[in-house]
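Below are structures written as structure tokens.
Shared between the two complexes below is subunit A, which has subunit B as its partner in the first and subunit C in the second.
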Partner chain A sequence: MTEVGWAKRSVPTRRDQPAVPRRVSRLRFAHSTFLVDRAPFLVACLMLAVLVAIYGALRDGVFTLEELNLDAAASMALLLAATGQTIVLLRGGIDLSIGGMISLGTVIAATEFGDSWTTALPWGIAIPVIGLLVGMTNGLLISLLRLQPFLVTLATWSILSGAALLILPTDGGTLPQGWMAFGNASLVGLSTSVWILLVLFLFWLWFSKTRLGVTIRATGSNEKSAFLSGVSITFVNVATYGLSGFFAALAALYLTTQTGSGSPTIGKDYILPSVAAAVIGGISLFGGRGGLAGTVIGAFILTIIGNLVFVLSVSSYWQPIVSGVILLVAVLASSLAERSARRSVT
Partner chain B sequence: MTPFLSRHRAIVLAYLGMLVLLFLTSFFSPGFLSVNHLRTMAVLAAFVGIVALGQTFVIIGGGIDLSVPWVLNCAAILMTLVANGQDQPLIYAVPLILAAGAAVGAINGAGIALFGVPPIIMTLAVNVILQGGILVYTGGTPPATAPALIQFLAVGRVGPVPVVALLWLTLALAASLLLSKTPFGRRLYAVGTSAVVAEFSGVPIVQTTMLAYTLSGFTAALAGMLLTGFTAQAYLGMGDPYLFTSIAAVAIGGASILGGSGHYVGTIAGAFVLTILTGLLPALRLSNGALLIVYGVVILITVSLASEAFSDLAAAIRGALRRAEPQKGET
Partner chain C sequence: MALLEVSAVNKRFGGITALRNAAFRAEAGEVHALIGENGAGKSTFIQILAGAVRPDAGTIQFKGAPFTAQNPSAAQAAGISAVFQELSLIPDLTIEQNIWFRREALTPFGTVRAGGMRRETLALFDRYGFPIARPDREVRRLTLADRQLVEIAKALARDPTVLILDEATSALAPRETEWLLALAANLASEGKLVIYISHRLQEVRHVAKRITVFRNGTTVAEHDTDAVSEDEIIAEMLGRRLERLYPERKATATRRVALRVRGLSAGQRLAHVDIDLREGEVLGVGGLQGHGQRELFQALFGIGRARGTVELWGKPLTGHGPRQRLSGGRDGIALVPEDRRGQGLLLSKSVAENLTLSVIPRFSRRGFLSGSRERALVDDMIRFLRIKARTPDQLAGTLSGGNQQKVIFGKMLLTEARVLLLYDPTRGVDVGTKGEIFVLMRELAAKGYAILFYSSDLPELVHVADRVAVMRNGSIAAVLAGDAISEEGILKAAMSASERSG
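Take a look at the complex of A and B:
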């Protein structure tokens, strides 16, 4: 078998070793493995705390409920996209097609929602279903054609962006007023976005314990032994990428409540940040490690960086630069840790 | 099949596809095969081909370079800014910008080869950082027009042949020699086929990978400056289309995206196929969106042709045919 390309290349060295037992034997206490496993997540929490402290020192009213509402609203589209990406990363893959799916979702919403709930509601349900089906197609293609995830999703990214451009060639379209009001409403002092955040947490508490959740994580950490334990890799791929497409579509829907229009090109701005939020929050690019809490922290870090850039009144174009650099540092740290873990075992 | 044909089947197929496509398009739009139009196509294909040159090296080495769009865009904008419409500053601006492009490529390569960062993440992050960087630098407003010399390189002619096509031909020869006749070329194929085996065979993986990405940064910067001459000015987002086209050109040209196979000779046909397709779509009244869909489908089809699944299927069909034949004889 010719195993080449990055996704597969990282595999044999890690998978040939029983990673957990040897690491445990090197450490004396059970609680230190707990810390070691969660080190990237804890570093991310620390980073968020420092950033929030800096932000709080620069501006009044940071530690209020209102600020939480604002920040949750600012990071929710990214967070929804990153939730899908987290599931894919846990399985050891990557989904570039969310760039196309988010664009497609916003343009469908902007052209089809119309003015009344009778048209908006069916389409509001149809868009996540479309996302699910598109994602499932990704998973099916990856399994059937035995191709690397990034290749298949790169191709579908292009196809979906094309479809979005066909539906709406330029930014525009309209959404019902009620839809935007729903996205920016508040209940018991908490905005819609904070409620979505809570629902996401509940979803994750449930999902990570389900058979599928455990299977995805197991497949990501060791595909071969998952397969030998009776897991259908095709099913896992279809479910994983299906969920990613579903969450990308939800991100698109949320985005339309904020922008009030559709954009055939907006999705590509979410590809790298979605991976960045997950990786900064401690989800391993090599599969199997991390959870949604990390991704939430990661998304908030990216949002606070955006706020800081605004407060310091430097050019807003600095935000992608800072996020990109932080992402690279996080990835470098995790791949160096990966490498030293390998070395210490051999 | 002769050994030559079977060894280079994918490349031969790419050229056949190009000829069939040319033939078909001449039906749809008369005048497609006129000298003028062929010349225009050669110019457009040259830009794709030059960007795809570096991408070919990277893909043969088993990686992928997604930082192409903004390396190209940064080079274009920096060149117009520094030159400010004059020819004289180009003497130092062009070499400096080419070196900067190569340096960005080297950083990509270092992150990937030295630190084990996955190529997609590394190059995508560098792409975003460059995008942010050039936006901060220019404040979001596009700069002055391209100097006359660059415009001559991009749209001028030497006799009947466009200058940029000649330039492309020179680069193509150099790239082909580099791939086929130098130790670097052989090592690149080895790394792309199996990095582990290559490492145990004494191939300097880090240098080889870094050199491939360096070349990609270099050609993207070069293409950026030339493209400025073609459009007469640099603008933000001019590099975006070249992400998909550069990868698609390599894939159509018969290189396996999994690395280890392919040749720049094939990429040239890939660049032409894409240019013909791009030219064909307006004639068919298809829009930009349709073009993106076509690119995606083309990438998907060509990479699946190269995948294990497809060769297994082909082997299964061959096996079934072989089994079917004696049965026919018996009955």
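Take a look at the complex of A and C:
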């Protein structure tokens, strides 16, 4: 065949269709983005390793099970709240109301649990259900009123905080002795919080692979495309914020095992740290990208910073300063990774 | 009996009539082309078939029964899958997750069967000879062309009886286009119906057995492809005779070099490019897709890092970034980018705001915008380019593709830069607007503008450019001029001996 003939045939005619369309080889996929895609997470792991190394150099007994139990306990309330926040961030939203929900959860527990398991148990189940319903209401409001998640959850945060203050104006209340003992029990050397951590990991392994998990992430990645693919955005929002409220309530229950009381104002300490933990762990605020492993690393980083400040016996006001710097490093890492990826592809 | 028979379909959006008495009839086992200018109602029509839009009136018979899909899922279940122009992929999911999204096979625990999904995907790719490797790549890492292929895979995964391809080749390279056209023909020979929408009449004539022409929301003609000429089809689309698509090419180039590029290199895709673009010249950039054309345009517009020297009107060009390029005013460089909706326009802003976006400093006094001066220039530009907008305040996203492209041209012209980079400016633009764009390009050249012009459509380079620089592996393989410019010449230069076997 002459060259001219080939050129003329560059568009096939329906008269000379090949039996099987020809496979066209492509080199466009040669470049691997494995490291680039995980750069934010890897940077977070590196930062945690460095912080733990410094901590270990300053203090004995850092690399023991005992220390893991302590750090898990110190991180757990934040981690539970951040798990819900992670799901919301993957959806491309944000949930400020968890602060109100956590406060409300602790004061309900502190006023209703009483002194015996017979009253504590039903309420222990009721509080997560309340969290779920409150969160689902957030999702409904966002979808039906077509409002910004930031504003809706800011409003519900305020409402829930007020409700908590009405129920219990100051820190206090009582919880059954067994309740706190349960929170600080240990099994085969691992404390309750380490076991919760393991359960959280298992939950995430499962959840991130379910159709709902994929759909939430997909909706955060591109809402319009998800809608065109048959996703009900209302359902996704209700599920996402419902889960967030549920985890906030779990965080409240966990907090009560540690403090032994209810606090109508404690929740506000978890709103932005829950976002920070997720972002430090590599979760994109634009939705669609990241996982719980990153959030766990992020929460541990924030906890270790607290430990370090304590060990160094400097002013505790250094803690937010260091946390802020770490947050900046994390955000920079994801940004640089994204830029380099873009360069290598286009 | 026809597989698909549509009659007397009407559809209005607010005050605008999109379809009026539209009719369409197609048999199983054919590739049936649907053509018309942008705004002729093709998109609305296929959205109705795809279940995304419901008609106000009319009947649709599919497989001999009334077709009443309420949503895309229902239409797909009935056997009609559409590959839309507006991509429906999820950037952060992988290729395979996208293809099977919401239809994944699940384990008893409710999780997605990853292994099964991989097997199904590879089987699908194999069956249709998809030119895609690595189904685990995330879609956001893919080029526009690859995303288009994934979109097609997603539609085919539903094993449709009717496959609708809406401008599916507009993002594809020649070889991928060839593959898709062969695929369409194969599907038809298997007894499927392929509804093929394209502005490229050459493709349409090659692949389609029958052609239905839409104009102003109405079906104006249906032909056997063999029984009708290209000119007749264009006349039916436009409702008038188009004198000629390509304007006369007068030699307006002077000896003065507007843009001198020496040894320009960037990344792995651009190596030692030398270019002399003259005042009054349209210099075409050709070659197979992915051989450095995109990188060349980006480097010249100051995006990313590049080595080498660039002289603009005799002065060395330094610095980075579009802002620097545009800041030159009459001595600057302006770009019509590849991705009209993503890079060229703010879809949710008005036509006026888009036009003046690059030149805001000129309208501002002490940081505040001066409305009246802006408005006067905007009105001039809308008139000059004949942009069909109801008012300058109409949102850019609601314009037809051709008019969106005109807004981008207007935005570029308002910068007053006289070196213009046009990256595939007619992609997905209707034939009438294409003609206007070519006329405009020649007019600008006659006024002393210097234009670098890349097109994925070979005939455009042949008929519009004064010279054509053909790129291969990131370098200029040949510069064709005069009679040497032909489709064969460009293709020959684009493909080295080693690549021809592919």
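Please note the rule applied: the second predicted complex is superposed on the first by the 295 of 346 C-alpha atoms of A that agree within 3 Å, B and C clash if a C-alpha of one lies under 4 Å from a C-alpha of the other, contacts with A are read in each partner's own complex, and residues count from 1 in each chain.
Keep this in mind: a residue touches a chain if its C-beta (ideal position, glycine included) is under 8 Å from a C-beta of that chain, and two chains touch if they have at least 3 such contacts.
These numbers were taken from a predicted model, which means no experiment stands behind them.
Q: Looking at the overlay, what does A:218 touch: subunit B (first), subunit C (second), both, or neither?
A: In the superposition, A:218 contacts subunit C only.
Q: A:47 contacts which: subunit B (first), subunit C (second), both, neither?
A: After superposition on chain A, A:47 lies in contact with neither partner.
Q: Contacts for A:206 in the overlay, against subunit B (first) and subunit C (second): which applies, first, second, both or neither?
A: So A:206 only meets subunit C here.
Q: Touching A:289 in the superposition: subunit B (first), subunit C (second), both, neither?
A: The answer is second: A:289 touches subunit C but not subunit B.
Q: On the A-aligned overlay, A:319 touches which partner chain: subunit B = first, subunit C = second, or both, or neither?
A: In the superposed model, A:319 contacts subunit B only, not subunit C.
Q: Looking at the overlay, does A:226 come into contact with subunit B only (first), subunit C only (second), both, or neither?
A: second
Q: Going by the contact rule set out at the top, does A:151 touch subunit B (first), subunit C (second), both, or neither?
A: A:151 sits against subunit B, while subunit C stays out of touch.
Q: Which subunit A residues contact subunit B in one complex and subunit C in the other?
A: In the superposed arrangement, which is not itself an observed complex, subunit A uses residues 3-4, 6-7, 10, 12 for both subunit B and subunit C.
Q: What does subunit A use to touch subunit B in their complex?
A: Within the complex, subunit A touches subunit B at residues 2-7, 9-10, 12, 94, 96, 141, 144-148, 150-152, 154-167, 169, 264, 271-272, 275-276, 279, 285, 315, 317-321, 323-325, 327-328, 331-332, 335-336, 338-339.
Q: With touch defined as at the start, can you tell me which subunit C residues reach subunit A in the complex?
A: 31, 52, 71-73, 84, 87-93, 97, 101-102, 104, 106, 109-112, 114, 128-134, 137-138, 140-143, 146, 174-179, 181-183, 185-186, 188-189, 202-203, 206-209, 267, 290, 294, 298, 304, 487-488, 491-492, 500, 502
Q: Which residues, counting only subunit A, touch subunit C once they are in their complex?
A: 3-4, 6-8, 10-14, 17-18, 20-26, 28-29, 33, 37, 206, 209-211, 214-215, 217-218, 220-222, 224-226, 228-231, 287-289, 341, 343-346
Q: Would you pull the subunit B residues touching subunit A in the complex into a rising list?
A: Those residues of subunit B that touch subunit A are 62-64, 111-112, 115-122, 124-129, 131-133, 135-136, 139-140, 192-196, 244, 247, 257-260, 287-297, 299-300, 303-304, 307-310.
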